[in-house]
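Have a look at this one.
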Amino acid sequence: MAVTANILSTDLNGLILQNPIITASGTYGYNCEYDDFIDVSKLGAVVTKAISLRPRAGNKNIRIMETKAGIINSIGLENVGIEKFLTEKLPVLQSKHINFIVNIAGSTIDEYIELSKVCEANKIKTIELNVSCPNVKSGCLEFGTDESSLYELVNEVRKIYNGFLIIKLTPNVTSIEKIGLAAQKAGANAVSAINTLKGSSIKLNLIKGKFQKEIISGGYSGTGIKPVAINAVLRLSKVLNIPIIGIGGIENLDDVLEFFAAGAEAVQIGTANFTHPDIAEKLLFELSEYIKINGFKDLDDLKKELRA
Amino acid sequence: MAVTANILSTDLNGLILQNPIITASGTYGYNCEYDDFIDVSKLGAVVTKAISLRPRAGNKNIRIMETKAGIINSIGLENVGIEKFLTEKLPVLQSKHINFIVNIAGSTIDEYIELSKVCEANKIKTIELNVSCPNVKSGCLEFGTDESSLYELVNEVRKIYNGFLIIKLTPNVTSIEKIGLAAQKAGANAVSAINTLKGSSIKLNLIKGKFQKEIISGGYSGTGIKPVAINAVLRLSKVLNIPIIGIGGIENLDDVLEFFAAGAEAVQIGTANFTHPDIAEKLLFELSEYIKINGFKDLDDLKKELRA
Amino acid sequence: MINTNTKKIFTSKVSKIEKIAESSYLIEIECNFPLSVIPGQFISVYCDGLTLRRPFSVFSTNENKIGILFKERGKGTRYIKSLKQGDFIDIAGPFGNGFNIKNQKSLLIGAGIGIAPVAFLKSRLEELKIPNLLISGFLNKFEVPKNIIIDKICTDDGSLGEKGSVLNYLGQTINEFKPEVIYACGPSVVLKTIAKTGKTFDIETQVAMEKVMACGIGVCRGCVIDIRKDGKVINAAVCKDGPVFKGDEVVWQ
Amino acid sequence: MINTNTKKIFTSKVSKIEKIAESSYLIEIECNFPLSVIPGQFISVYCDGLTLRRPFSVFSTNENKIGILFKERGKGTRYIKSLKQGDFIDIAGPFGNGFNIKNQKSLLIGAGIGIAPVAFLKSRLEELKIPNLLISGFLNKFEVPKNIIIDKICTDDGSLGEKGSVLNYLGQTINEFKPEVIYACGPSVVLKTIAKTGKTFDIETQVAMEKVMACGIGVCRGCVIDIRKDGKVINAAVCKDGPVFKGDEVVWQ
């Protein structure tokens, strides 16, 4: 039996993915929701929607607004909660052989600990901590914006969770390097960067001398944030030893290569899944063709040249 | 003689502008460079390129790169220095009756003090502090990213400078509110927000198996940063008592109105001057037509409705 | 009923585009496979340069062609309008739950471009020989799409058919036609009144809702509305749980 | 010489657009006022959806028409290519300092699309009856623009004219033609060699440089290069101080 080497194989410092194309949390559901468009099991991994201890109904206001270069979302972490995830979503991931990463979100360290325990108990091999959630204790500051809170959080989770631990960094900070270093020091296996930028948009409609206003404040994603994401990856790659998963505004193969050149080992596709629901598989195909056509040995060889 | 009321008159807490359309630092030169396209003296004000104590040659690398939703610049504050500004540029501003704001930049508090003294001595009525410059003393952190450095800086300048003092805030911080409050407390008359976002971009060109790479890391501006700017203005307007000048990605009248709705009293146009060198005058005209056609009394009336 | 093709996304050719009323257009797209769609389901169109696809109710299917009606509003619809016969268009779908067709006397109501899914439903009801009446309201005669069979037309300015909103004729029509079920599509305020009226007359209403959509398939939770189910208010995704809902389940704003 | 109109920005009509070589085009734009341009000056074109205007050397002016030659490269030039006769185009200029025309025997060198400003210069020299020779290099015969009078053509593959780069024939041409001044436009590596060669032969060279531009008028300092002036290296803006520089003043990379 001939063995075909997988040229896209991606080693994230121990976590081996069949390829570096991952779909980002909040844009891909919980498991096989995109089966109508692509074969989801082919992806490097699917990151689940952020899962909290209890189900959450999310925000009441306007949840999505398009801007010239992306969208702003204010979903408010609506999700089914960890219990329903385990009983209804996890079995599908397993039976369909989908590679997955569970994104978890809490509002206290205890909630993160509890969630990590459940993941550990259920043999979930990889989790991504969404740390862009307000830390209820510290007066609503997000965990991911303060080195010491983040260190404490990651350190506590690390004690409990033995799988592969990814920390998802927020760009809404003065120094993303400091936050990344805190995550690394506390035992993270990798970081992913970036989560959404803080953004707002106001739509005005003048009707008989009065303005009808739609205001949204939330997370800004899409092509408009790519320069910020590339900047973050470049800066992180200068200071970290653990792998970086690049996220932010990826829409095509050039964007993927740009993230590799900046230092990312794998990438996550978010908003572009909405624009082109089959984009993740397309990128997979294009990346593999690109490597072959241009005579690179494999993905690692391509990355080496991109960073030369 | 009939007196026509100026419906666009803008009172920034004492600083009266003939209208709220200002052109942003670094995108409009020093005085009348745009005379080929518009009548510059009609503008609310022109903010000069950042001026430092001594002339600066700027950066050596790639200085401008376009991205999908804006540009990244790494000019490195190339400028003629304060002396040449006073002897060559200021007289033109004065003789042409151009309303202007001098943007100043230093790398130590002493440099800012020195610059402010010169401005005070030369009766320059309004200055804007560019605080996105690395603070040499504090190991390269920017003044504008640290509350206490910023407070100290503004406080020192305030002691010397009696004119109208605007602090230009950087968005590359965890809490822009805290920085804005520090500026206000130290005696700023207004803030302008935002300066450029930190961004990077990498252009790749594969030639015979090797990548030619162009990398830029610098300030990201243009339509892609508007959601971040609107977010900043909304947040600042909740905590500050001094006026806010909105900046970031403004390209058309809708954008101007959006900034007013978010709480800005005036706006600055930056990158759009490159795209449409006559945009500032166009916006002026459109704003005034908009007010008349829709039956608002004047700009203040329009702003009131926009914020109702 | 679902798409018999395995993939719900495809690039296809525009086979026809034509103006059917003031700033309203019909576009027909070739599908190289049979496509079964329930009236009320929608497709989403990728519009060059825009992040979000734009959803449109299916208006017609025949001989491997799918048609939608659209009104020009902003960048997305201007892009679609710019397409010409033979151009390629990237569409995905069909998505969502369409009208739950009952073998009952049916009143169909379309307000403005909301005519699209109910006109499609009407053609299905005719095939099924279910008695029905389609009443539709527009601003003025220029907004009334040509080549669509509408049983009763109202215009706000009275320039065609009855003068006034469809809502003005709702009670009267119910009394005269005596429908057992009402299917409707149009602005939310109109649907709300229809739902309330249905309740008053004790007639089931089914309303096709609209909400800004990102994913179109229920994953982003961007398009949720409040629905009352078993006494509890829960989130329902317009794209996946709808766009058609029972009028009395919607928690109206 | 400057634009006699007061404003340097205007929206005008495309009077002609035509393919002149492999992926190269000539576009002519109507100007409703007389426009005096020096060869080497450029205009900038607003390209729909792009932040930066795109600069192009003026190729021709006649009877209130201004022409540019452009090669399709990315989004901007694809946009311009998509324009049709009668469409509107937003142009600004003319900007920069053109060639400093000497009443001397002139060698003109254009590499690739760099032919545009030197072909324009040639027509001006002909008017002024200044003896000149235009030598131009291209990849192959398909890249050679039609309807431009070129005295000597080289192609890399030898499919038209001499085989090889213009640079291969530089020494020979200088020896034979004995120019007193050399004007050139093309890729930076070509210009560098021309400048060095000019120095060797003690002939003045004027080179039209390119650099990514934002403002086009000297204010943003985005397009600066190093220039040696009075023994000191200083920044010069390609858009305002150039695009034409003396070859021996440029600090070549």
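Letters A, B, C and D name the chains as they come in the text, with residue numbers starting at 1 for each one.
Throughout what follows, a residue touches a chain if its C-beta (ideal position, glycine included) is under 8 Å from a C-beta of that chain, and two chains touch if they have at least 3 such contacts.
Everything numeric in this text was worked out from a predicted model, so none of it was measured.
Q: Shared touching chains for chain B and chain D?
A: Output, common partners of chain B and chain D: nil, no chain qualifies.
Q: Would you pick out the chains that touch chain A and also touch chain D?
A: Correct list: B.
Q: Averaged over CA atoms, how far is the centre of chain A from the centre of chain B? Could you give it in whole Å?
A: Taking the mean C-alpha position of each chain, the two centres sit 34 Å apart.
Q: So what's the Cα centroid distance for chain A and chain C, whole Å?
A: 35
Q: Distance-wise, how many Å sit between the C-alpha centres of chain B and chain C, to the nearest whole number?
A: So the centre of chain B lies 47 Å away from the centre of chain C.
Q: Round to the nearest whole Å and give the separation of the Cα centres of chain C and chain D.
A: The computed centroid separation for chain C versus chain D comes out at 56 Å.
Q: Residue numbers in chain B touching 2 or more other chains?
A: Correct list: 67, 69-70, 223.
Q: Think of each chain as a node with edges to the chains it touches; is that a line, ring, star, complete or other?
A: Line.
Q: Taking the top-of-page definition of touch, could you list the pairs of chains it picks out?
A: Touching chain pairs, listed by label, come out as A-B, A-C, B-D.
Q: Spell out the part of chain B that touches chain A in their complex, as residue ranges.
A: Against chain A, the touching part of chain B is residues 67-70, 72, 145-146, 172-174, 197-202, 204, 206, 209-211, 213, 215, 217, 220, 223-228, 230-231, 234, 254, 257-258, 261-262, 294-296, 305-306, 308.
Q: Which residues, counting only chain B, touch chain D once they are in their complex?
A: Residues 26-29, 33-34, 36-38, 49, 57-58, 62-67, 69-71, 73, 75, 78, 222-223, 271, 273-278.
Q: Using the touch definition up top, name the residues of chain D that touch chain B in the complex.
A: Those residues of chain D that touch chain B are 7-9, 46, 50-53, 90, 92, 212-224, 234-235.
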